[in-house]
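Below are structures written as C-alpha cells.
The same chain A turns up in both complexes below, where it pairs with chain B and then with chain C.
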Partner chain A sequence: MPAFDEMTGTEGSVRPAYTELSGWLGEVPPDVLDYRRREAEVLFRRIGITFAVYGEADSTERLIPFDVIPRILAGSEWRLLKRGLEQRVKAINLYIKDVYGRRDILRAGIVPEDLVFQNPVFRPEMNGQKVPHDVYVHIAGVDIVRVDADTFYVLEDNARTPSGVSYMLENREIMLRLFPELFSRHRIAPVDNYPDELLATLRSVAPDSSTSEPNVVLLTPGVYNSAYYEHSFLADKLGIELVEGRDLFIKDEIVYMRTTQGPKRVDVIYRRLDDDFIDPLAFRPDSALGVPGLMSSYQAGNVTLANAVGTGIADDKAVYSYMPEIVKFFLGEEPILKNVPTWRCREEEHLAYVLDNLEQLVVKEVHGSGGYGMLIGPSADKATISEFRAKLKAAPKNFIAQPTLALSTCPTCVESGIAPRHVDLRPFVLSGRDEVRIVPGGLTRVAMKQGSLVVNSSQGGGTKDTWVLDD
Partner chain B sequence: MRMHVSHDTVYRYETPPSSVIQTLRLTPRNHSGQYVVSWLISISADCRLDAQDDAFGNLIHTFTAEGPIDELIVHVEGEVETEDNAGVVAGAIERFPPALFLRDTPLTQTDAAIVEFSERYRSSGANTLVMLHEMLGGLNREIVFDTNPTHTATTAAEAFALKRGVCQDLTHVFISAARHLGVPARYISGYFHRSDGVNDQEAGHAWAEAFVPSLGWVGFDATNGICTTDAHLRVAAGLDYLSAAPVRGARSGGAGENLSVRIQIDQAMQQSQE
Partner chain C sequence: MLSRTADNLYWLARYVERAEYLARILEATQRLASVPIPIAGGTNEWESAVATAGCENAFFEVYEEANEETVTEFLAFSPDNPSSIRSCFEVARTNARAVRTALTVEMWDAINGTWLELKRYGNGPTSREEFSRFLRWVQESSLLFDGSAYRTMLRSDSYWFTRLGVFLERADNTARILDVKYHLLLPEAEHVGGPLDYFQWAAILRSVSALTSYHWVYRESVKPWLVADLLILKEEMPRSLANCYENIVTNLDKMAGSYGRQGPAQRLARGVRTRLQNSRMDEIFQRGLHEFIQEFIADNNRIGGIITQQYLA
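Let's look at the complex of A and B:
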C-alpha cells in the first residue's frame, strides 16, 4: 500500500490545503521550477548555511538540500498538533521536575527506577535543584510523523539542545523571495516572529535576582560545532551576545561576561553545549568548552540555563516509550499526540518479539541520535540483521524497536521531476514562565532518496518550507 | 577517637594565573559515630567562600581568587570525634535511594577482568556482607599499593589491569565489582589515622561504602583490607572520585603549576574539664 501523501492522500484526489499548490505545479514549466531550485541553492550558499557531518573526513561542511515545494498543513491540522505539543511539553516539564525532586513517578512504578538512575543522561547533580520558575525544557524540538489523514505520531522529543530552527526561518525567507506569486495565492501563518518569541521566553525565565532587563547570551561550543551557523544566526536575530566558555567566568556564584567595558553580569544562558561539557568542575574535567564553576552559580539560583541540565532524562529513547503514561500521570489527560508503538527490548517478551521480527522492524539504540546506530529491517541485508541480532542479545537494554512506519510523503523535486518523498516535521515549542509559544509550522525534513525513511540531515535528508494555512 | 586534622594544599605557579576557581569537598558532616567538634577552611587569597550542599548531601565550598597568584594555600584544620561502629554508617545525609549507586560512571566501569574477579565472590544465596568481605580480602591481595603508575583519571579497569594503584584505584575497583554483583556502592573521600605512628601523610584517604540490606551502608577500606573504624574520618560521598573529589579547580592563565599536599592527622589531646 502506498504511503499517505500530503497532497493527494491515499485516494489520489488533491486534499483541500493543496488545491492552489497543485494547480500551480501543473502550470509551472519544469525549466522554471528547475531554475528557481538552482537559484535557491545559490542563495543558501551565499548565506552560508552549512552543517558538518560527523565521521566524514572529506567534507567537513556541506549544504543541506533544500526542496522548493512546500509542505502544507491545514489550519485544523495545526491546531490539533499545537494542542498536543503543548500538552506533551507541559507533561515533560512536570516529569523532569519530579524525577529530580519527589520521584513520585518512580514510586508509582510507572517509569522503572533503574531506567532513570542508571541512565547516563540522568544527572544526579540536578537532584533537589530548583530551577527558575520550574521550567526545564524551554526549547523543545518535537519530531512528528504522519501515517494517514488523522494519525500523527511523536517520533522523538528533543529536549536537550534541538537544532534546525534556523532552517525553518531561512527556508521561509528564501521561498518568499523566489515564489512571491505562490504566497499571494495562500494565507500562510508567519514564522518570522520566532526570534522575538524565543527572546521573550528566555527573558521570562530569568532568575528573580536579575534586573528587569535580564542579560541573555547564547553559549556555543564554537566554530567546530556542526550547528555553529545556527548559533551565530540565532544570536544575531535575537540581538544577544554569542559567547564561548572562555568569554564567561564565575565570581562569588555570579556569571559574568568579559567585555571591553569590564565584566557584565549574565542572567540567562541559552546554551547549545551539552551537559557533559558545560562545567569542568561538575562534569567532564577535561572540557575546555565550558565555564568552570557554572553549576555553583546555577545551584545558587543566580543564572538560568536553557535548557536546564539533565533534560535528557525526558527525551531518552528508552524513556520515550513511557511518555503516554507520563502525560496521564502528571496531567490526568489522555495524550493528544500518540507515540509510535514501541517494544522495549529490556523486557523479555518484547525482546523475543523483536528478535523474531527483525526484518519488519526499526531498531534504535536508546542513546543514539541523528539516525546513527539504527536498523531498518525491511531494507537491511542479512549481515546487518544478524549483526543487530547479536547486539540485541548482548545488551537488550540499549535498544528499542518500532514498526516500520509508512511515513507520509510530499511532492518533492528530484532528478526525474516531481516525485513523492517521505517527510517528518519538527515544530519548536517554547516554554516560558508565562506561556507556551509555538510558531506555526516548524522544520519539515525530507528523505531525498526514493523510499528512504531516514530524514536526518546527517544521513542526506533535506528540508522544506512548512506552511500552516491561516484558514 | 578524637582526631585532629591539619591539611594544606599548596599550589605554586611559575607563571601566575589571573584567577583560580575551586570547588572544595573538604568539610565533614556529622553522622552517628562521627561528631565534628571544630572545622575551618582558610584560603590564602582574598576571596569569598560560598557554601552549598551538593546533590549527594556533601558540604561544598566554592571560591574565585583573583590574581596574579604565585602561591595559593588551601588550609583545612579541625577536630572530629569518631567511634568504631564496625563500618556501619548510620544517620548520614541520604539524598538518593541506594539503587542510584548501581550507576556506572566512566571511572568505575567494569571490564571483562573485573567481571571475572567479582564473579568469584558471587555465591548463590549467600549473605551480602560475607561476599563483600571476601571480595575485600581478595582485592587487597590482588592489587599492590603503589603510588607510581596511576593518576586521578585512572579508571577501575586500567588500575585492575596494572594490579597496582593507590586508595582511589582500589576503591574504584571495589565499587565497580560490587555494582556488578548488584550491590550499590559509593566512593568516600576522607582521612585515615594510621596506627603505626606515621602522622604525616601526602594524600587524603578514600574507601568505599556498600549497601548491605540488613545493615545499611557499610564502609570497606580496600587499601587496608578492613571495614572502616574510628580511624576513618568520612568527608564526602559520591559515585566515584570525581563526584567526591576534595578539590576540583580551574585557573585562567598561568603555567607551571606545582602542587604539594601536607596532611597531619593525630589523636588530639583530650581536654580536661574546667
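Let's look at the complex of A and C:
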C-alpha cells in the first residue's frame, strides 16, 4: 500500500489544505520552478547557511538541500498537534523534576530505576538541585511523523540542544522572496516571531537574583561545530552575545563575560553545548569548550542554563517508550500524541519478538542520534541483519525496535520532476516561567532519495518550508 | 561588546592590511630585481624583501637562499609561514566567520569571496604574468574589504577596532620598510651610494603606493631625505607614520568617549603622535634615523599590547 500523501491522501484526490498549491503546481511551467529552485540555492549560499557533517573530510561547510514545494498543515491539524505538544512537554518537565527530586515515578514502578540511574545521561549532580522556576526543558524539538489522515506519532523527543530552527526561519524568508504569488493565495500563520518568543522565554527564567534586565547569552562550542551557523544566526536575531567558553569566567560563583568595557554579569545561558562539555571541573576534564566552575555557579542558583543539565534523561530512546505512562502519571490525562509502538529489547518477550522479526523492524540504539547506528530491516541485506542480531543479543538493553512506519509523503522537486518523498516534522516548543509558546509550524525534513525514510540532514535529508493555514 | 569579538575584528583588519603590504613588497621587489644588476647595485633584493616583511629568521630556518622562487613561495603561498599572504587571508576569513554577525554583509562577501578565490590560485603561480595578476588581485581584495568596512559599518566600537587594526598594522609596515632601507635614505652629505640608488628610492615609494604623491607634495625629483620625510612626518600621506598615529589617536579617543573612560592606550598613543608632530627631519637625522625608527617600532608594538590588555583580553 502506498504511503499517505500530504497532498493527495491515499485516495488520490487533493486534500482541502492543498487545493491552491495543487492548482498552482499544475499551472507553473517546469522551467520556472527549476529556475526558482536554483535561485533558492544561490540565496542559501550567499546567506551562508551551511551545515557540517561529521566524518566527511573537506566538507565542513555544506548546504542542506532545500525543496521549494511547501508542506501544508490545516489549522485543525495544527491545533491538535499544538495541544499534544504542550501536554507532552509539560509532562517532560514534571518528570525531570521528579527524577532529580522526589522520584515518585520510580517508586511507583512506572519507569524502571536502572533505566534512570544506570543511564549515562543521568546527572547525579542534579539530585535535589532546584532549577529556576522549575523549568528544565526550555526549548524542545519534538519529531513527529504522520501515517494517515488522523494519526500523528511522536518519533523522538529532543530535550537537550535541539537544532534546526534557523532553517524553519530561513526557509520561510526564502519562500516569501521566491513565491510571493503563492503566499497571496493562502493565509499562512507567520513564524518570524520565533526569536521574540525565544527571548521572552529565556528572560522569564532568569534567576530571582538577577536585575530586571537579565543578560542572556548564547553559548556555542565555536565555529567548528556543525550547527555554528544556527548559533550565530539566533544570537543575531535575538540581539544577544554569542559567547564561547573562553569568553566567560566565574568569580565568587557568579558568571561574567569578558567585554571591551570589563566584566559583565551573565544571568541566562542558552547553551548549545552538551552537558559533558560545559564545565571541565564537573564533567569531562578535557573539555576546552566549557567554563570552569559553571556548575558551581549554577548550583548556587546564580545563573540559569537553558536547557537544564541532565535533561537527557527525558529524551533517551529507552525512556521514550514510557512517555505515554509518564504523561498519564503526572497529568492524569490520556496522551494526545501517540508514541510509535515500541519494543523494549531489555524485556525478554519483546526481545524474542524483535529477533524473530528483524526484517520488518527498525532497530535503534537507545543512546544514538542523528540516524547513526540504526537498522532499517526491510532495506538491509542479510549480512547487516545478522550483524545486528549479534549486537542485539550481546546487549539487548541498548536497543529498542519499532515497526517500519509508512511515513507520509509530500510532493518534492527531484531530478525527474515532482515526486512524493517521505517527510517528518520538528516543531519547537518553548517553556518559560509563565507559559508554553509554540510558533505554528516547525521544520519539515524530507528524505530526498526515493523510498528512503531517513530524513536526517547528516544522512542527506533536505528541508521544506512548513505552512500552517490560518483557517 | 565581547572582548573576543573586538579582538577578532581588530586582527581581521590587521591581516587583510598585512596581505596587501606583502603584495606591495613583492611587486616592488619583482620590479627592482628586473633592473640590470650594475644599475640596481649588487644587493640581494629578495633577501631585503624577506627582511622588510619581518620574517627573516623564520625564512632562513626553511631555506638556504633568498631568491625569487623561495621568497615568492614563502611570502605569498606558504601555509607554514603564518604571515604569508595565503595565511593572512585564511586567518582573516576564520576571524570573520567567528564574528559573522558583527560584520556587514558587504564585508563578509568581500572576505569570503577573497577566500574562495584564493583557492583558485592553488599552490602558486605558473608564470610571472600570473603572479603579477595575483599580486594585483591581493591589493584589490584588500581595497574591497577596507572600502566595505568604511562605507557600510556602523560608527561604533566595532568600527573603531577595525580601524585600529588597520592603522597599527600600517604603521608597523611603513616603519619596517624604513628600518630595512634606512641606509638609503640618509641626507646627501652622509650618503654613500650613487645616483643609481634612484631605483631603490622609487621602489620604496612604490611599496607604499606613494610615488605619485611624492611628486605632488615636493614637486622635485626623488631625494632620499624627502622620501623619509614623506613616510615619517607628512600627515597628508596616508601611509606615513604621522598619518597612522593621527588615526590611531582619533579612533582611541572615540572609544574612550563612548565608554566614558580614558586608559593607558590613549595616553601612549597621544605621546607618539605628539613626538611625530614636534619632530623635524633634520633633527631626526641628527639623532639617528635608524634609532628613531627602531624606537617607533617598539612603541607601536607596545601600544598594540596595551590595546589588547585594555580592551581585547
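The working rule: the second predicted complex is superposed on the first by the 470 of 471 C-alpha atoms of A that agree within 3 Å, B and C clash if a C-alpha of one lies under 4 Å from a C-alpha of the other, contacts with A are read in each partner's own complex, and residues count from 1 in each chain.
As a working rule, a contact is a pair of C-beta atoms (placed from the backbone, for glycine too) under 8 Å apart; a residue touches a chain by one contact, two chains touch by 3 or more.
Computed from a predicted structure; not experimentally measured.
Considered on the superposed chain A, chain B and chain C are sterically compatible, since they fit side by side.
Applying the stated contact rule after C-alpha superposition, one finds that A:Gln118 touches chain B and leaves chain C untouched. When the two complexes are overlaid on their common chain A, residue A:Asn193 makes contact with neither chain B nor chain C.
Judged by the touch definition given at the top, the superposed model places A:Ser386 against neither chain B nor chain C.
By the touch criterion defined above, A:Thr260 reaches chain C but does not reach chain B. Between the C-alpha centres of chain B and chain C, as seen from that of chain A in the superposed arrangement, lies an angle of 80 degrees, given as a multiple of 10.
In the superposition on chain A, contact of A:Asn357 is made with neither chain B nor chain C. When the two complexes are overlaid, the chain among chain B and chain C that reaches more residues of chain A is B. For the pair chain B and chain C, the model built by superposing on chain A gives 11 Å as the shortest CA-CA distance.
On chain A, the surface touched by chain B in one complex and the surface touched by chain C in the other have no residue in common.
Every residue of chain A that touches chain C in the complex is listed here, in rising order: 46, 48, 222-223, 232, 235-236, 241-244, 246-247, 257-261.
The touching residues of chain A, when paired with chain B in their complex, are 113-114, 117-118, 120, 122, 124-129, 249-253, 280-282, 285, 292-293, 296, 299-300.
Only residues 1-6, 94, 97-98, 100-101, 108-109, 112, 157, 161, 255, 259, 261, 311-313 of chain C touch chain A when the two sit together in their complex. Listing the residues of chain B that touch chain A in their complex gives 19, 21-23, 48, 50, 52, 54-56, 60, 62, 64, 66, 95-97, 99-100, 102-104, 153, 239, 242-243, 248-250, 252.
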